[in-house]
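Each structure below appears as structure tokens.
Both complexes below contain subunit A, partnered by subunit B and then by subunit C.
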Partner chain A sequence: MGRPGAEKLATYRCAPHVSWTVERNGLLLLNAGNAKACPLGYPQAALWELLSRGNSYRQVVSKMRAIALLSAEATERFIADTMESWVEAGLLLREDRDG
Partner chain B sequence: MAGSVFVIPVLDRWLVYAPLHHASALVNRAAVCRLSEDRVQPEQEDLASLSSLIRSEPPGVPQPREGLVSPQFLGLIPTRACNLRCVYCGFGAADGGCEVMDMALAVAAVDWMAADAQRRGRATLDVHFFGGEPFFARDVVEVVVHRTRAVAAEKGLVPRLEAATNGVYDEDCARFIGDYFEAVVLSFDGFPQVHDRRRSAVNGRGSFEAVARTARILSQSPAELCFRVCVADDNVDHLAETVSWFCRQFQPAAIDFETLQPTSGAEEAGLRPPDPYRFAAQFHSAGRIASDQGVRPSYAAALRETPRTSFCPVGNDTLILSPEGRVSACYLPKQEWQARGLDLEMGRFTVQGAMELDRRAIERVRSLAAAKPRCAKCFCRWSCAGGCHVNQSFPGCPQAYNDFCIQTRLITACSLLAELGADSLADRLLDDRSAMEALALRTSDALEDCEEADG
Partner chain C sequence: MANISITNACNRDCSYCFARSPAPRNMTIPEFERSLDFVQRSGMDQVRLLGGEPTLHPDFPRFVDSVLSRGLRLLIFSNGLMPEPAVRCLESAPADRAAVLINVAVPGECRPEEDLGQRSTLRRLGRRATLGLNIYAPTVRPDFLLGLIRDLGLSPCIRLGLAHCRVDQTNRFLHPRYYRVVGQGLAGFAGAARAEGVALEFDCGFVPCMFPPGFLDTAGITASDIGLRCSPLLDVLPDSRVVCCYPLASLHCEPIPEHHDAAWMRNRFEARFSWLRPAGIFRECAGCGLRASGQCAGGCLAAAMGRLRRAPFAVSLPNG
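Moving on, here comes the complex of A and B:
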């Protein structure tokens, strides 16, 4: 997934050792790398789901705005912050390339 | 007692059925006479206790709804458009337009329903999708699914998502449905030659392969999968083999059989509704095969545990939101109800979250559940409840039983016999056309009208 307008385009993909199941209140991510389970509530669960099903960045923003009832700016911030936290937790891998 | 105790002829026996008392019995003609004339001897203990039960006030007579609107579920039609051109379509897919529900409207409706469910102390937040083909507007469905789950989690409700679908989409969409929906009704008419003849894509290609693939994915998912089979004159004699194959290949939770609703498209394609007697007999045999395989057979108008006054969303306060924000009691296109002289519209919903319901319209729709003169003396009145308000029990519909009534009466009688452990009597009934006609065409089943038993 690339972010339009950024100097560097970042592509993210799910870490290969992460799998997930759908739970009543969100998702449960299982990180086989460190044997940790990571429950995701809403709206984070929706973001993970939308990213994993191949939506474009524009689609993710549009859908997350509707799901989380946020402004466009707040939605973009939420997406960026959440994805960053997932990268830090080893759930997402970021591959930077020149834009 | 009037209108709540029925007697039904089954060959040389009589089925006494009191749906509101939850009682049924198989008796002979003399017993019916005694019950009818209230001259049961105390020493006939079983009959005396039945007589006493059916002469008591029933514990609860279902009534049309009153008071504030209390929807059991929110119905959403994300679009009227569809990727198929089924020959018998009654949902106006060909000219349904391509309007897609605004995501903000859909989300506002879910939030309204969640607030209503919480206010009423309900445990679940129920959202059902209808079409067109709902997944033809997949973006809207995705947003609604996640908003429903998000708001349900926030309010301590259990999200319950259901959809009626044609199953024609990619594997990813099928997996999404399997992951997030509690129940899916998948239209699947059976073997390729039957299914493809009836349910082709816009480009004319058959849809069997895609539906079978979706069925396989859904059958392995946590979603409860129900196949909906349209039964016409070309497949009524193959229901048993269709069911065996379905059970073997897909193991759905349920298989629902509904007869073809005549449309001009169906007529042009040479499809006609099945003979109702044949349908009842074939449903019975196919249903037994399904049950033996652990698959639940169903028919929308069939016997059920709780008596009801309406068989569909109409009269049950269900709010169904169209793509453009109209709120109605029925998911069929407006022109279908208007052609029957019905107005099932109840108001509108706005993107700002305002549910603007018309009080008089609600009362008008609710009153339809009570206005079914044809059903007054039919033993199925509290289970079938007149069937579809648009296609079967519309204002001014003929008083005589139609094919739907005939098959429903036979299927219901056989279910009652099965409950009484009299399966072999049901088999004999379904093997005897004149006995079936005697049961199906009887104008009044009310015990108080029973004269034949004396004859």
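Moving on, here comes the complex of A and C:
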């Protein structure tokens, strides 16, 4: 049981066996676990790059807003939707917990 | 064909070698015979003996006899610094079934006695010997080989190899950023070789885009001849384990299968490393027409691995 009023957090981790290469037009994610490749164009590639560099969620939102020229709300929605799609693709692992 | 590395002992210390091992080991006779069984079970008609320096194996002449007595053809990969019994053994082997590829040292990069030793072996083996050169830096040029072929009466063929990295990149290797410089140089050299009637063979890892436009057509080589050379070769190591190829050796190995053949094993290795195939050695590989049309595999997998990034990142988001 979490503490009353504690913020719920979803932690996303890079799945083991996932690596990537920088390509001319984005990134290519390679999953040795399922032998699948996932090319990322803009702006998804920018999001993966920011995550891989260890930025916090707030930093990612701030930088993605500057990159994608979206509102704060739209940026957060984009990040959440994109990361969920990566969870479905086996590229990220999601763990829910109380903050 | 199959590569059987019968020893990892060597009498040279080439900086680019991807087969060096801290603990030299010689393949035993039963292990060698089991390797030959595997070769024959796979329907292959040629055995290639590698090292280390394979002629240093104390049973080298016996191994040669064993290969030839099974009706197989033989190709030895050597640095040319052979013990006398090995040279005599190869001199007396039937020339149409036993050949030697001698990877020569670049002038100035070996000791004088090594240079003399190589020349002595080459002179004695004559047309049984084909020259090979491993290009480990853009400054390594094959031009001097034409003089050796002419002066020593060697087979009019040169096998060119790119020094590939081990996945741990602990050896000296030719970085793909230099491939186009090397390709330009080789295109010029090919003209001189052709003029002397010397054929060029390209080992694995070359890519069509490293050569200047028009070169492949002029040389009568198709893009896929060059670009599809990266596939599981199957190298049998001195301890009789099988690896996909030497550069990828540290990633995965398997024992020689009791009942299956090389095709079965190649499929296993191909499946094991298939996830890497979409990455090529260059950033431009992903959008390359030659790859899309199946004429190029994107170069050496070990070099492609050198481009991989990994980071165990984690980020927490407010949930809901």
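The rule is simple: the second predicted complex is superposed on the first by the 92 of 99 C-alpha atoms of A that agree within 3 Å, B and C clash if a C-alpha of one lies under 4 Å from a C-alpha of the other, contacts with A are read in each partner's own complex, and residues count from 1 in each chain.
Following the convention adopted for this analysis, contacts are C-beta pairs under 8 Å (C-beta built on N, C-alpha and C of every residue); 3 or more make two chains touch, one makes a residue touch a chain.
None of the values given here were measured: they were computed from a predicted structure.
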{"item": "Subunit A as common anchor, with subunit B and subunit C clashing or fitting", "value": "fit"}
{"item": "First, second, both or neither for A:Y57, with subunit B first and subunit C second", "value": "second"}
{"item": "First, second, both or neither for A:A10, with subunit B first and subunit C second", "value": "second"}
{"item": "Which of subunit B and subunit C A:A46 touches, first, second, both or neither", "value": "first"}
{"item": "Partner chain(s) touched by A:I67 [first = subunit B, second = subunit C, both, neither]", "value": "first"}
{"item": "Touching partner for A:R24 - first (subunit B), second (subunit C), both, neither", "value": "both"}
{"item": "Partner touching more residues of subunit A, whether subunit B or subunit C", "value": "C"}
{"item": "Overlay on shared chain A, then closest C-alpha pair between subunit B and subunit C (Å)", "value": "7"}
{"item": "Common interface positions of subunit A, toward subunit B and toward subunit C", "value": "22, 24-25, 53-54"}
{"item": "For the subunit B and subunit A complex, residues of the former touching the latter", "value": "103-104, 106-107, 139, 142-143, 146-147, 149-150, 153-154, 158-159, 172, 176, 179-180"}
{"item": "Residues of subunit C defined as touching subunit A within the complex", "value": "271, 274-276, 278-279, 283-287, 304, 307-320"}
{"item": "Contacting residues of subunit A [partner subunit B, same complex]", "value": "22, 24-26, 41-43, 45-46, 49-50, 53-54, 59, 62-63, 66-69"}
{"item": "Subunit A residues within the subunit C interface of the complex", "value": "7-14, 18-25, 28, 30-32, 34-37, 39, 51-57, 60, 79-80, 83, 96, 99"}
